[in-house]
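Which chain is which? They are A, B, C and D, in the order written, and residues in each are numbered from 1.
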Amino acid sequence: MTVRFGLLGAGRIGKVHAKAVSSNPAARLVAVADAFEKAATDLATAYGCEVRSIEQILASADIDAVVICTPTDTHADLIEQFSKAGKAIFCEKPIDLDVERVKSCLKVVDGSGGTLMVGFNRRFDPHFMAVKAVIDKGEIGAVEMVQITSRDPGAPPVDYIKRSGGIFRDMTIHDFDMARFLLGEEIDTVSAYASNLVDKAIGEAGDFDSVSVILTTASGKHATISNSRRATYGYDQRIEVHGSKGAVSAENQRPVSIEVANASGYTRPPLHDFFMTRYTEAYAREISTFIDAVESKSPASPSGLDGLIALALAEAALKSATENRVVKVSEITGALADKTVFQGR
Amino acid sequence: MTVRFGLLGAGRIGKVHAKAVSSNPAARLVAVADAFEKAATDLATAYGCEVRSIEQILASADIDAVVICTPTDTHADLIEQFSKAGKAIFCEKPIDLDVERVKSCLKVVDGSGGTLMVGFNRRFDPHFMAVKAVIDKGEIGAVEMVQITSRDPGAPPVDYIKRSGGIFRDMTIHDFDMARFLLGEEIDTVSAYASNLVDKAIGEAGDFDSVSVILTTASGKHATISNSRRATYGYDQRIEVHGSKGAVSAENQRPVSIEVANASGYTRPPLHDFFMTRYTEAYAREISTFIDAVESKSPASPSGLDGLIALALAEAALKSATENRVVKVSEITGALADKTVFQGR
Amino acid sequence: MTVRFGLLGAGRIGKVHAKAVSSNPAARLVAVADAFEKAATDLATAYGCEVRSIEQILASADIDAVVICTPTDTHADLIEQFSKAGKAIFCEKPIDLDVERVKSCLKVVDGSGGTLMVGFNRRFDPHFMAVKAVIDKGEIGAVEMVQITSRDPGAPPVDYIKRSGGIFRDMTIHDFDMARFLLGEEIDTVSAYASNLVDKAIGEAGDFDSVSVILTTASGKHATISNSRRATYGYDQRIEVHGSKGAVSAENQRPVSIEVANASGYTRPPLHDFFMTRYTEAYAREISTFIDAVESKSPASPSGLDGLIALALAEAALKSATENRVVKVSEITGALADKTVFQGR
Amino acid sequence: MTVRFGLLGAGRIGKVHAKAVSSNPAARLVAVADAFEKAATDLATAYGCEVRSIEQILASADIDAVVICTPTDTHADLIEQFSKAGKAIFCEKPIDLDVERVKSCLKVVDGSGGTLMVGFNRRFDPHFMAVKAVIDKGEIGAVEMVQITSRDPGAPPVDYIKRSGGIFRDMTIHDFDMARFLLGEEIDTVSAYASNLVDKAIGEAGDFDSVSVILTTASGKHATISNSRRATYGYDQRIEVHGSKGAVSAENQRPVSIEVANASGYTRPPLHDFFMTRYTEAYAREISTFIDAVESKSPASPSGLDGLIALALAEAALKSATENRVVKVSEITGALADKTVFQGR
């Protein structure tokens, strides 16, 4: 079976997914939609697919699954529409910036019984997958402490910042998901500190650019996250996990690994300069996993619930940073926590 | 001039300092005192010095300086006595487990005008010194975020734990001092989380074995500290500092740096298994710095005030962890903060 | 312009090139030929191209270029035929196991004036390309000494060994090409030592499995090569180049770069286990470079002459190892050397 | 028992040994002799020992052992004299620049039955010792190939070069000894290439500055050595050993191991800039091993014979480089080889 795709949104991340879908032998990119016609036409030409409107894709019998890469504020509505139409859905994070809206959206998806996968690409990075595999094999014993460092090479435009929902919902959300994923236990409390060290304009836009977070679980595990919108040496993405028997870590990646030695010392080149080159392989594996779920009609992971919980953690972190106190995640998720299921852990 | 030393306490750390003093061409170890006579005699034989009582050392005209390595609860009293007697003093951390007692002790020292240096050995590690030198040369721009990982190979005996003042005063205190030292700005708030993951007996003794801390400053800088009483792979001591222009880090040290490659992969040996082998060079440089201060009659650094502030941070962290809230350091230090001087920063 | 390809040979390396051609937006795989029909059909199905005979491809007006991946003893004949037919040719190394046959073949190519590129894939590895770029920018000054380590994870079947022309022509030939490429000067003498340490059967087949070589140039530069048919830890491919101002090196590559730490030490996974995964990117860049040459009708590099010289070095090395003496390359190349041109160096 | 030392020669390497002897609790430095009186007096003052003439030391009943650090051309005579006088002898390499003179000297030592140890300090480097321990434990199976890289930060003065016996006897000799030590089998043939790439003055003095060597054994093992008198990035000292089951390597050492990351990449500081700082620990362990041999009246290793064989390899290499041919070691050692014993391998 070949899974036939419609792509909603032909922007930067849309192109990444178009390439992943096209390169996958089990998939075919049938159509692309974008409000900006030239973007759709260009992508359609590059990948040999049609241009259709979102409405047409919704009604297309020759499309099994959609990848949603439109602006965030359209995600929840599109998920609901395409879920009701019986299409499998891969949606870029976040589902929505508002936790309540995500809850109501997921209820619709639950009702339709369709496949929904949320785009936390890092879970599919080969190096992080290898870290997870080491944990799952029991090589480091029971997981106890996780340390995540995630620093962007540079801040996005302030215009983007304003629509992003803030650093916790836009950037740290990936680290929240990874922390949950690696700890293997739900987060209980969030202590976050956030400040403006990189760019005053970000502060004037009501956001932060430098973040430190402690996450804790009911059994006493903890995770720390360190974020910055600046890293002169490239896209800094490190994870280390400590367990009762040892530790496992994933180092940074660079495009070329050479070393020049001279009187100044030993110098290796900077890291990847962007998430798209750093996570090329992760995006390919992510779509491949989605295709497997569609083909086998099994639930996709990370699920809509994973998306919801990561967003709730972002909201808890924002509350913690602005109210200067430790925040219980249950303050945000309310009655939701009991629905959480950790499959296969 | 040769600085003539008396050593108070011939235990584990006393031996480390005896060796450092004896190996230093500018110093001479004249006498050692220890409540346990055999310990004193053995050390005296090994280093060719006399055994004297603490009272005799206090009255010895042929002794210029003392190294205090006795149990913690004797430190403050000894500092006051030897300060009044005009001896230069090197005291192992902490001065006392109680902040008020340290304050009153430092008042006595201030009155006597003598030299007091507190044993934060990590400041003198060649690798951490090189990190500090990079910062001071401006190579990474303005310091913004510090990450310290400090994990012991194994927990000390519960008996020791009970007398230690708890993990924050016994272990994290070194990281508090390093965070201040590297941030170059006083700490404003402390958020600490602590749990028992390593050994239940530690919890039953009223202490923690696993700690995550966020420290912040008034200008918005932050530091995170990650501590554990367990590290199967050796004594884990890492520091990284991020600034506006770049970052600098110090990696772990191991006794031998070889690598074995086979079908299981590439394996390097574990790290040092203890602080004494890891910080051999640091202890030598620490005593050397103290000797320089004594010879030049200049103030020693880290000072009594540095010891007091690190202790206050430990107390703030304990308060944060037990009361589950963000703690202002001023809650602990009270009117003290305005006395702080950061020389040469 | 799209370069239209015929593929001769659908074996292991044929598949590698089929993938590289198909993934390249400037190329199209039109047809494949293979003596073993199922191999051709399978590949044609996988990549959506036709099956044709070699003769049909030779006569196809809709084919601009061929990739020759047939058995070595057919290479020279095919090159001559396709060259005369006006097709651009990419041929896997070696052109032939016999230096005289290569010479006569290249004369035919010269007469036809077509494009011939020889498959020394390592020149296109991103890491080795970065090493070359550092040299070309003058960052290490004048190149003086080169060290190449190249160890296979395991020996090929003895059956393959027998047809391979021996380790120098089959394996070391890549290192000879890289040594010339990096030294930027022709090799003058070869001293080789070869023995059987890995597998007696290889010795019984008249070949060696462990090789050390010194190459020298007229101006006094040198290169050493270390080869083995065994490396339990994976495909070991390292290069270091020393110049008057410094050195540059390329480290080994592994599929995942994680590290597990426990009481046994710090372990990273083994290297790639094969040349196809290790040099995936190199094969893609190699074909891309060939396409550029075809499109711009410029001479391809590495050229037929590069292939000839590398083969001559292999022959000199074999002579050195078996006669136990230093061999002048001119003993092999005769009057050929003066034709050598180092373009773009 | 305390071994009482006389030191012959108070120059650069004499000071290194004076420090090693003085710091060793099982030894005492009794007297120092030097033709240059001030050198002797200064060293005597620094280490609290007497100044005596060589003749006085020879006759001193309170001296058990001597360390010979005088100019090379005096070594053999002094060894003979002190051996006859019943003193244990530690002699800096080489015993003499002439193989025949070394042979006759060793005959005298054999006759006297005393302890003679030759100063190949690298065998005592903790990292290289760990490499040897891995081999001896069988972790990499049977040793097959050894690669040694040894590059000096800079060339010594031409004046020194002239008296040194040339690069093979002065510098490569250490690598010859390590190759034998690690291969665990006598060297059979030597192929050496040497050129002048660093400094013309060295060539004008009749010596080389850049060397590549292949060593082989009767069973087919090989070792390569790469030497240069220039390394802008510090004292480059690497070893890797490949066996039937895996490989083990020792990396370079640097005084501080920090890393600075910025837009130019990741930079670690240069290596040690000199053998004295690089091999501090090796010199201490070397003397400690000598003291153990003296105390236990057991044969010392590396022995006089080890010194002789390393010198013979240097002579073979020189012959190979100048006559441009493979040289059998037996051409140099003659009937000597059969005396070789590899204890404890």
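FYI, a contact is a pair of C-beta atoms (placed from the backbone, for glycine too) under 8 Å apart; a residue touches a chain by one contact, two chains touch by 3 or more.
Small disclaimer: the values here were computed from a predicted structure and weren't measured.
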{"item": "Of B-C and C-D, pair with higher C-beta contact tally", "value": "C-D"}
{"item": "Pair in A-C, A-B or A-D that repeats B-D, with over half of contact pairs matching by residue number", "value": "A-C"}
{"item": "Chain C and chain D, separation of their C-alpha mean positions in angstrom", "value": "41"}
{"item": "Gap in Å, rounded to a whole number, between the CA centres of chain C and chain B", "value": "58"}
{"item": "Chain B residues counted as touching two or more neighbouring chains", "value": "232-233, 245-247, 261-263, 269"}
{"item": "Residues of chain B defined as touching chain A within the complex", "value": "144-145, 147, 149, 151, 189, 191, 193, 195-198, 210, 212-214, 216, 220-224, 226, 228, 230-233, 242, 244-247, 324-326"}
{"item": "Partner chain B, residues of chain D touching it in the complex", "value": "23, 126-127, 129-131, 134, 139-140, 245-251, 253, 255-263, 269"}
{"item": "Contact footprint of chain C on chain B as seen in their complex", "value": "232-233, 261-270"}
